[in-house]
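There are two complexes below, and they share chain A, which is joined by chain B in the first and by chain C in the second.
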Partner chain A sequence: MDFYYSLAQIIGFHTLLGLSAYIVLQTGQVTLAQAGFFAIGAYVAGMLTVLAGWHLVPAMIVAGLAAAIMACLVGFPALRVRGLMLVIATLAFGEAVRLFFFNFDYQIAKGDVKIGPLGGEGFRQIRWFPENGWTSFEIMLFVWAVVALVAGALWWIDRSRFGAVLRAVGEDELAAQSVGINLTAVKVTAMTIGGFIAGLGGSIYAHYTTHIEHANFNVLLATFAIAYPILGGLRSVFGTIVAVIFVQGFLVEGLRFMGDWRNLLFGALIVAAMNLRPHGLIDAATARRLARLFGREQRRA
Partner chain B sequence: MRKTAVLLGSALVAAAGLAFPGMAAAEERAVIIKGFGAKSGVVRSFGINSEAAMRAAADLINSKGGVKLGDGATGKMEVEFLDDRCTAEEGISVVRRIASGPALVAIGPTCSNVAEPLFGVLQKKAGDASDSGLQFPIFTDVAVKGGLAKISEWAFRNVPSEAQMYNSLFEWVKQTRPELKTIYAGVEENFAHSRASWYAVMKEAAPKVGLEVKGEAKWLLEDTNFSQQVREIKAAAPDILAIAAHPFTTCGVLKEMRRQGVKVKMLIGLTSSSSLETLQGCAREAEGIIIPTSFAPVTPEAEAAAKQAARFDGSLDLHSAAAYENMFILKKVMEEQKVMAKPDTVQADREKIRKGLAGLKQTDGLLGTIKRTDDREAIKPYLYVHAKDGKWAVLHNPLTN
Partner chain C sequence: MLEVRGLAKHFGGVRAVDGIDFAIRPGEIFGLIGPNGSGKSTTVNLVCGLYEPTAGQILFEGQDIARVPTHKRLALGLARTFQNIRLFANLTVWENLWMAENAPAHQAGTSFLKRWVGGRSDARERITRALEFSGLAHRADDLAGSLAFGEQRRLELARALAAKPKLLLLDEPAAGMNAGEIAQLDERIRALQGQGYTILLIEHHMELVMAVTDRVCVLNFGRKIAEGTPAEVQADPAVREAYLGTA
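Right after this comes the complex of A and B.
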């Protein structure tokens, strides 16, 4: 069972990464900065548990806040541009963060060994979970408790006035502005929330792998971050979760038995999925069917 | 409806893959050894060769009667190799998948950036009840970055000591080519092994023999254009150029050096580049490059092993030869520790293997005796090879000189 618990953990932190992009995509912005926020969360949380000896939970919150602050700072200048220009700007930010950690050394002596980030060599021994005796099952429950909290919060936002504002900005900026919505405030807020979620995801990732290095937070990770909500559909947070399960559970792990063929099928199946479900795995019709299934529409009626 | 059927079908296939992680390895009295490493990406050749070496060794062991198990029964070695795509996340996932099945031990990974996190996931001190890390023995063949096995008592390596090899190589250079005074490096900056080999090994070793380090040009594993770096090399005009990079970019740099007409008096390469891939990629440009290695077919055992691996479509180099050796070492350990290879003794067998590997002081290798250190690393015999007429030829063998 250990393997399945471990897989659930992977799906969990990738879901957080996808959800961090989901809320930004609600405003119609395509961002490749999420890998950078994920990296900030990973390094900050790792340093707090390994170097400062913090408990993981406060370390995660601080890591999330650090990533959120950075997202807010990046949001102001970056969101002045739109479309492809924003993609390039956020991509540049993500690479800047990666290169910062590539050159970032901060080691302290603990006993006869030095610990902490060491530039290109990475940051090893982030072993808070095993050192505190957490089993894979417990880690999985913890990861999914965080995912549930975040997904629940986003689900609530989706149904709130603020959610409507996000969608209004995403649908038509001009119309939204004409009814008095402050575009910059909305976009920066979405970016900040996204940064916080990515920071949480990164902090779990660091403690899952026990070793992080700059190369883990590259453009491919940033691409996955936006691919999850786009593939899953922007109608519901559950779309992102389904997409992560599809990619990490099915394409990466489920097809591993196929050996070399897996890599060939990987791209082809994503293309096939997007063709078969052009509006996402959980599109509006599916979302309605699910709502009917769980009786929400009847209650509304 | 058809779309739904397609998606449902795909989901069933995936579910089958997830539900039977150890499907091929369920047979009783089989001694299951899993390999894992990169079988895709620019370092895929390492995984392909390791798999071939493991299969070749298993075939030979099985043809000679297999493994004598603790109750006197015979165990047949079964090998399966999984691709981790040289990423930490997948490497950890692969090992957790392997550990969830009946495999007794795993050989891998290819990449140091996978080995380092992977060893962190293992229990740090064997038997420490307060540490919930994975209790599964891993016997590494390829990932060569220095000092990784000390991360966990469940981690073992049969990789050469680069510090020892390059120290010795520079000593030999000083003795045989005293006119060479300066050294410059080309470093594949984003690959843990390449970086460590220059900054922690060669850059430390060169000044000890009086070589002046003039700096380094840097590039990335994925780079395909090296014009700027070669200009830097040209400007430095070193006597010796050390290329701490894997075959793909080593060849890129050497080809660019030829294009720009840059020549140095001596080329020194990374251990991992003493492989067939370098010669297939740039035999002409690599002519003369000197590399220390822990494998060359210079003994009857090594020659036979190379032929055996070729039967399984692989080539033996310093890395895949280690995978080959590991299989025989594991056979010996299993027999000494009286491993049972029964479904209900899997964890006990893993602990026996860990204990057996930890207790080894020396093992047999293809080039001679391999010493084992207290921190679960190997001290392997080595020699220097150079590229000559499109082949690797032995330049100097400290074993016989």
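Right after this comes the complex of A and C.
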């Protein structure tokens, strides 16, 4: 059973990673920086619980805020460029963060062992969960409580005017300016919220795996971050969740029995999914059906 | 209301707009016409802030707005429609009209938070009225991209009006319309004037311009060649020459 609890945790923090890209993608910005914010969250939260002895929850909030501040700072210069240039700029940022942690040493002695991040060796012993006697089941519940909070908040944003503004910017920047929307403010806000969510995800990841190192936060992870919401469909947060379950639950874990052939099929299935559901696993029509299922009355102006 | 002084925009060696002056009085319908490539569109884009002028001033109610960012010009009271309709195609009709909520006309009495993350109920009354005025109430929940051409034009106009602008720029609103639709457009523009809007109309369609405007400014090769009432402009030999006698 522990295997499934553990899988559910993996799906949980990958969902947070995907949702962090979801809100940025709403504004039409393709970002490869999310793995960088995820890394910042992981390291900051790990250092707070291990080195400073904090409780996990405040550590996660501070880690989220640290990633959010970084996202805001990166947002201003990065969002001045568009399209492919933005992809390259955010990719460069993500790699810069990874290389920072490759070089980052901050160890303190605890008893006769030294603990803390140690460059290429990584950061070991992030053992807040086991030290506090959490069972795998409890950890899973906690992770999904965080996911539910974040997904709920984003779902609410989607339905608010701000959500419509995000999509308007993604559709036509020129028209958006002409109806009085400040592009920079909207994009940087989306980036900051995305940074916060990635930071939360990273802090959960660090405590799930107990050992993080720079190589975990590579371009592949950044690609996954944008692949989830694109594969799932940008119409609804549920799309991202479904896509993560599809990728992590089915493609990565479910097909493990196929050995090395799995990786080949993995790529093929993603291509197939995108061809069969060109607007994402949860597209506009499915989202509407879901909304009806949840008993929302159709608004009529 | 809007005064343009010595406005110029050069693209490299091309003098798209080369020092033009005109002034629009409050409450009038002011036409801006000229043959293809005469600088009409560039002028509109300068007034809206999509381009920064090479030289000259754009005074809106006495304030020089030549370097004010586009999104802030809406707050000052300047709204526009586009020649090749620019709606948010994957947003619903309702959501397209929701965008104008940030305009000063709607800011009074609502908090920052309510304006940004408020739900639909806060704007419902205003948008319902706008939908009824533009005859789109039955399509409120449809995607803007799924509307017929005429409906899209009406929605774009409604979106511009939602900001309650003082000056409305209509960039070739008759483009792609048939005679019947143009007659309707004529009425609609007059109705807007009746409601107190000042209108800058950029148009190719001569009959519409001559019928509906109070004064006209004629551009050719980036310069103003005539200005006056439609009758005066039509009688002007320079204008006749620019249009090869078709004016």
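We adopt the following convention: the second predicted complex is superposed on the first by the 296 of 301 C-alpha atoms of A that agree within 3 Å, B and C clash if a C-alpha of one lies under 4 Å from a C-alpha of the other, contacts with A are read in each partner's own complex, and residues count from 1 in each chain.
Rule of thumb we're sticking to: a contact is a pair of C-beta atoms (placed from the backbone, for glycine too) under 8 Å apart; a residue touches a chain by one contact, two chains touch by 3 or more.
Just so it is clear, the structure is predicted and the values come from calculations on it, not from any experiment.
In this superposed model built on chain A, chain B and chain C occupy separate space and fit side by side. Greater residue coverage of chain A by touch, when chain B is weighed against chain C, goes to B. Once both structures are fitted onto chain A, a short way to say it is that chain B and chain C open up an angle of 150° at chain A, using Cα centres and rounding to the nearest 10.
Contacts of A:V237 after superposition on the shared chain: neither chain B nor chain C is touched.
By the touch criterion defined above, A:A35 lies against neither chain B nor chain C after alignment on the C-alpha atoms of chain A.
Residue contacts after overlaying the shared chain place A:A71 against neither chain B nor chain C.
When the shared chain is aligned, no partner comes close enough to touch A:A190: not chain B, not chain C. Of the two partner chains, neither chain B nor chain C is touched by A:L91. When the two structures are aligned on the shared chain, A:V147 is found in touch with neither chain B nor chain C.
Put simply, chain B and chain C get as close as 24 Å, counting only Cα atoms, in the superposed view.
Chain C meets chain A in the complex at residues 48-50, 69-72, 74-75, 79-80, 82, 86-91, 94-95, 98-103, 115-120, 123-124, 127-128, 131, 137, 140-141, 143, 159-160, 163. Those residues of chain A that touch chain C in the shared complex are 156-157, 159-162, 164-165, 167-168, 171-172, 174-183, 284, 298-301. Contacts from chain B toward chain A in the complex involve residues 3, 6-7, 10-11, 13-18, 20-21, 23, 39-40, 82-83, 85, 87-90, 92-94, 96-97, 99-100, 113, 116-117, 120-121, 123-124, 130-134, 151, 189-190, 192, 195-196. Residues 1-4, 6-7, 10, 102, 120-122, 124-127, 129-136, 208-216, 249-250, 252-260, 262-263, 269, 272-273, 276-277 of chain A are the ones touching chain B in the complex.
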